[in-house]
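Across the two complexes that follow, chain A remains constant while its partner is chain B and subsequently chain C.
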Partner chain A sequence: MKRVIVACGSGVATSQTVASKVKRILSEKKISAEVEAVDIKSLDHLIKHCDVYVAITKPKKAYGIPTLNGIAFLTGMGMDAEVEKLIAALK
Partner chain B sequence: MNYSNLFQKDLIVLNADYQDQKDLFNSNFKSLHDKGLVNASYCAALTERESLYPTGLANDKIQFAIPHTDVTHVNHPFVQVVRLKKPIRFAHMGMSDRQVDAEIVFMLGIKDPKGQVGLLSEIMSCFNDQSFIDHVRTINDSQQMENYLKDKFGR
Partner chain C sequence: MIILDREITNLILVQKHLSVEEIANHLSTEKDRVLERIHLISEQLPHESIEVVNGEVKVSEKCVDELYASLVGNLSSNSNEYEVDLRKNLIKLELIVRNNHHTLQTLSDLFYVSKNTVFSDMKYLKEELKNLNLHVTYLRKDGYQINGPEYLIRNHLVQLINELLKTAYGRSCLIDRFDINKEMVSRIKQKLESIEEEIMIRLTDEQIENLPIILSILLQRVQNFPRAWSFKVERYDIRNTLEFPVIKKQFREFPFLKDVDLLYLSLHILSSNRIESALDFADSEEISSSVNQFITLLKEKLAIDFVKETDFKSKIMLHIQPAIFRNILGFRVNNPLTERFIKEHYYVFKAVTHASRKSFGTILEHDFSDEEIVYLSMIVLGWMYQTDEDSSAYYKAVVLCFNGTSVSKLLLENLKDMFPDIEFIGAFSFRQFEQMNLEPDFIFTTVPMKSRITTIIVPPFLEPDSRKQLRKVVSKLLSQDPKRKAKGIVFAIKDLIPEDKRELAELALKSFFDKEEEKRPIYRERISLTEENISVIDSPVSWENCVDIAFKPIINRKSIENDYIDKCKSIFYSNYRQMLIGPEVYLPHAAVSKESADIQITIFKRAVTNPDGHSFKIMVALVPEKTNAHVPLLLKLNDVFLERGRIEAIIACKSRKDILNLLEGG
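Presenting the complex of A and B:
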């Protein structure tokens, strides 16, 4: 199963919120994938096993996997474009 | 999930006047700490977290901020609602080169990330709703504000 990782500063609010939104979108689109919210300190360690990175803070380096703008999922602004990228990355 | 209990009139500060973000954090920390809602470590943790991972947000209707920090610094969940007399500058959450002049600040006391996961989504939909923004900008009585917020977050 493909894996989506969402990371924010402390892993308590924003990443949880965005992860739950991503989960809901995927289930509506009937795409199965694991979605995990983590704090950014765990990212380097965990991202190796992931297929898509949803970034809340601006990524400081490239991880070689599709990287999406998490703020779009949070605020809803520009979300459609990110959803399309998400679906493309999980196909 | 019903979040209405998080909103209390003694956690609502209307037309507050602060010099800067530090002043805002210190002053609200004192009041949260006096109520036993946060640990002594909360203010430093909040400040550090904000400088590393800022929480300013903006849409086409309003600029606001949702400062928060790790669960270990929080004793009981809360939302401290602060409406500012003059906006306070925050860095934008997603774009560190962009600034936000926040007029409303929701300080989130997160104790149970999984249980409170819907709270932030509800806050986001509220800040996309012009009627909510108009109410939050204009209600001048903290009891009325509590009633309004409890109603909005109690469904």
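Presenting the complex of A and C:
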């Protein structure tokens, strides 16, 4: 199963909220994927097994997988474009 | 302990902050039944109790110790006997560590017992210590003292500390009584980690936790009794080992340590159990051939072959090196499983005793103690259970163990045997596991730990009763989790489903079970907003002060302390651009292990301007909770803030009631 990882500084609020939102969007669109929120320190460890990275903080390096702007999910600005990218990456 | 009590204890230990309702939901039982069982479990604890306040279960750290001991069967059934033994041990420690003028009166004041009781304790201790070549003396001018060769006194001191550390709350007792501060413990721990790195070994988690306490108390003895002393290790020239200069360098910051003291500290580190070593031991050829002989004799005696014999030999070598040091130096090892193991696996114990006597006899000063033999036997038995067969398992698990290789190895093989459906990736120390990138379905652990992976606490030694209960716990867990249930079902009928469709089938089943699970109340929103969670600030507020103002009501509710605000401010002011929960709605927060979440939504009637020149009027101050109980509310708030015109409407509200109404989606 494809996996989406969402990372923010602490992994307790922003990334959790975005991850819940991404899960809801995927469920509405009937796309199955595992979505996980983590803190930024665990990212390097866990990203190896993931297909999409939703970044809350600006990524400092390229991970070789589609990377989305997580802030768009919180502010709604540019969210549709990010959702499209997400769906394309998980298909 | 009945299965329900075991499950409740396990849940409390792993999560600590659950409510009675959540436990009841989790275990599919009634709230009253859980409450009744919690009271009964609590009554069985010798000193501490489980508190239930407003339906929330609360346990202190000492209570956690006692619950854990009750779960793994280490709780003394006779707490009075435990108290007496504890006091006698603490009296000995007091006499060994503190160079005070100890009299019956001072000891009676110190331990809150009568002078008669201390007198009878001292009589007992005199006899006991005589067997160790140590003497309790009393002189009017010096008071009670323990005399004898310094080497033996220190060995006994370490032995006593080790024994206390094994008991339910020995650690907290030692820390309180000997004023061991956290800084000292973490300083010594860092030193040990530097030593590990430099000499390329890895001590067991147990050693890395216990050695700082042992060494802290040992340092007090050295400082309080600065007498000249010496000792000789006949067989090995410790001074010329690779390890000694490294250890010496790390401890040179303590000026009162003489060379002989440093040598003694080194011995304790060298004789500590390790789980990894990149170095060969002194005289390793002699040991290597002895280990070969040991394995050959075992094979003859037990009439078996060991799979992966080279790995088996490395495992034995790793354990035997510090064991030989302990033997030569006369250090005793604590193995609480000795009696139970000998009772249950007598023939393995006898075979290992025979083989070790024949193989290591020339290296050792005297025969290995039963405790050491049992440690060796556990590795042997663990290996005997190991097979070369391919696994047909579809769940993955790891075993995490505090005590080192022998316990974890046997536990691992026992668990493999008990759960053929689970593929056990291996047995690791907590420190090893943290550095590995493993994502098992289960963690079997001998001590409580926090993890988002399902964690099951198991006793280090599985007796028939614990096995039965563990099987029930695991089977219940497997049947409750949608993902695992789906995985299990697909695996069972895998031959009927084309390979490329199995994952889809698993997903479909998982979604099906997910829907069932969502009906359970544990998933409902657990935090609700009231007017108290809303502040309206009419006066102008600066960017620098906005976080303090937003958190003020939370501080007044005593949900957090000022240090949390300082942490939040330091994170928020450098990362505010990412800490949002809506367009121009900031969410200052920090990671914290709180038992309950708190939130405050502040409306600044006069916009606050951030350093980028953008103004905003809403800030959501958050205290997150360990199990993410705050997330459903955050998601709901985000939905509200994203609704067109809703933020403006909230800002325009005249009362907190109206704001609440809008936030609730009205």
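Everything that follows uses one rule, which is that the second predicted complex is superposed on the first by the 91 of 91 C-alpha atoms of A that agree within 3 Å, B and C clash if a C-alpha of one lies under 4 Å from a C-alpha of the other, contacts with A are read in each partner's own complex, and residues count from 1 in each chain.
What we mean here is this: contacts are C-beta pairs under 8 Å (C-beta built on N, C-alpha and C of every residue); 3 or more make two chains touch, one makes a residue touch a chain.
Everything numeric in this text was worked out from a predicted model, so none of it was measured.
By the touch criterion defined above, A:M1 lies against chain C but remains apart from chain B after alignment on the C-alpha atoms of chain A. Using the contact criterion defined above for the overlaid structures, shared-chain residue A:M77 touches chain B and also reaches chain C.
In the overlay built on the shared chain, the residue A:N69 is in contact with chain B alone; chain C does not reach it.
In the superposition on chain A, contact is made by A:L46 with chain C only, not with chain B.
Of the two partner chains placed by the overlay, only chain C lies in contact with A:S32; chain B stays clear of it.
When both complexes are overlaid on chain A, the residue A:A13 reaches chain B and chain C alike.
Within chain A, the residues touched by chain B in the first complex and by chain C in the second are 8-14, 16-17, 20-21, 56-57, 71, 74-77.
On the chain B side of its complex with chain A, the touching residues are 49, 52-53, 55, 57, 59-60, 66, 68-71, 93-96, 108, 110, 113-114, 116-121, 124-125, 128.
Residues 1, 8-14, 16-17, 20-21, 24, 32, 39, 45-46, 48-49, 56-57, 71, 74-77 of chain A are the ones touching chain C in the complex. Touching chain B in their complex are the following residues of chain A: 8-14, 16-17, 20-21, 37, 40, 55-58, 69-71, 74-77. Against chain A, the residues of chain C that register as touching in their complex are 437, 439, 503, 506-507, 511, 571, 575, 577-584, 587, 589-592, 622, 624, 628, 630-632, 634-635, 638, 642.
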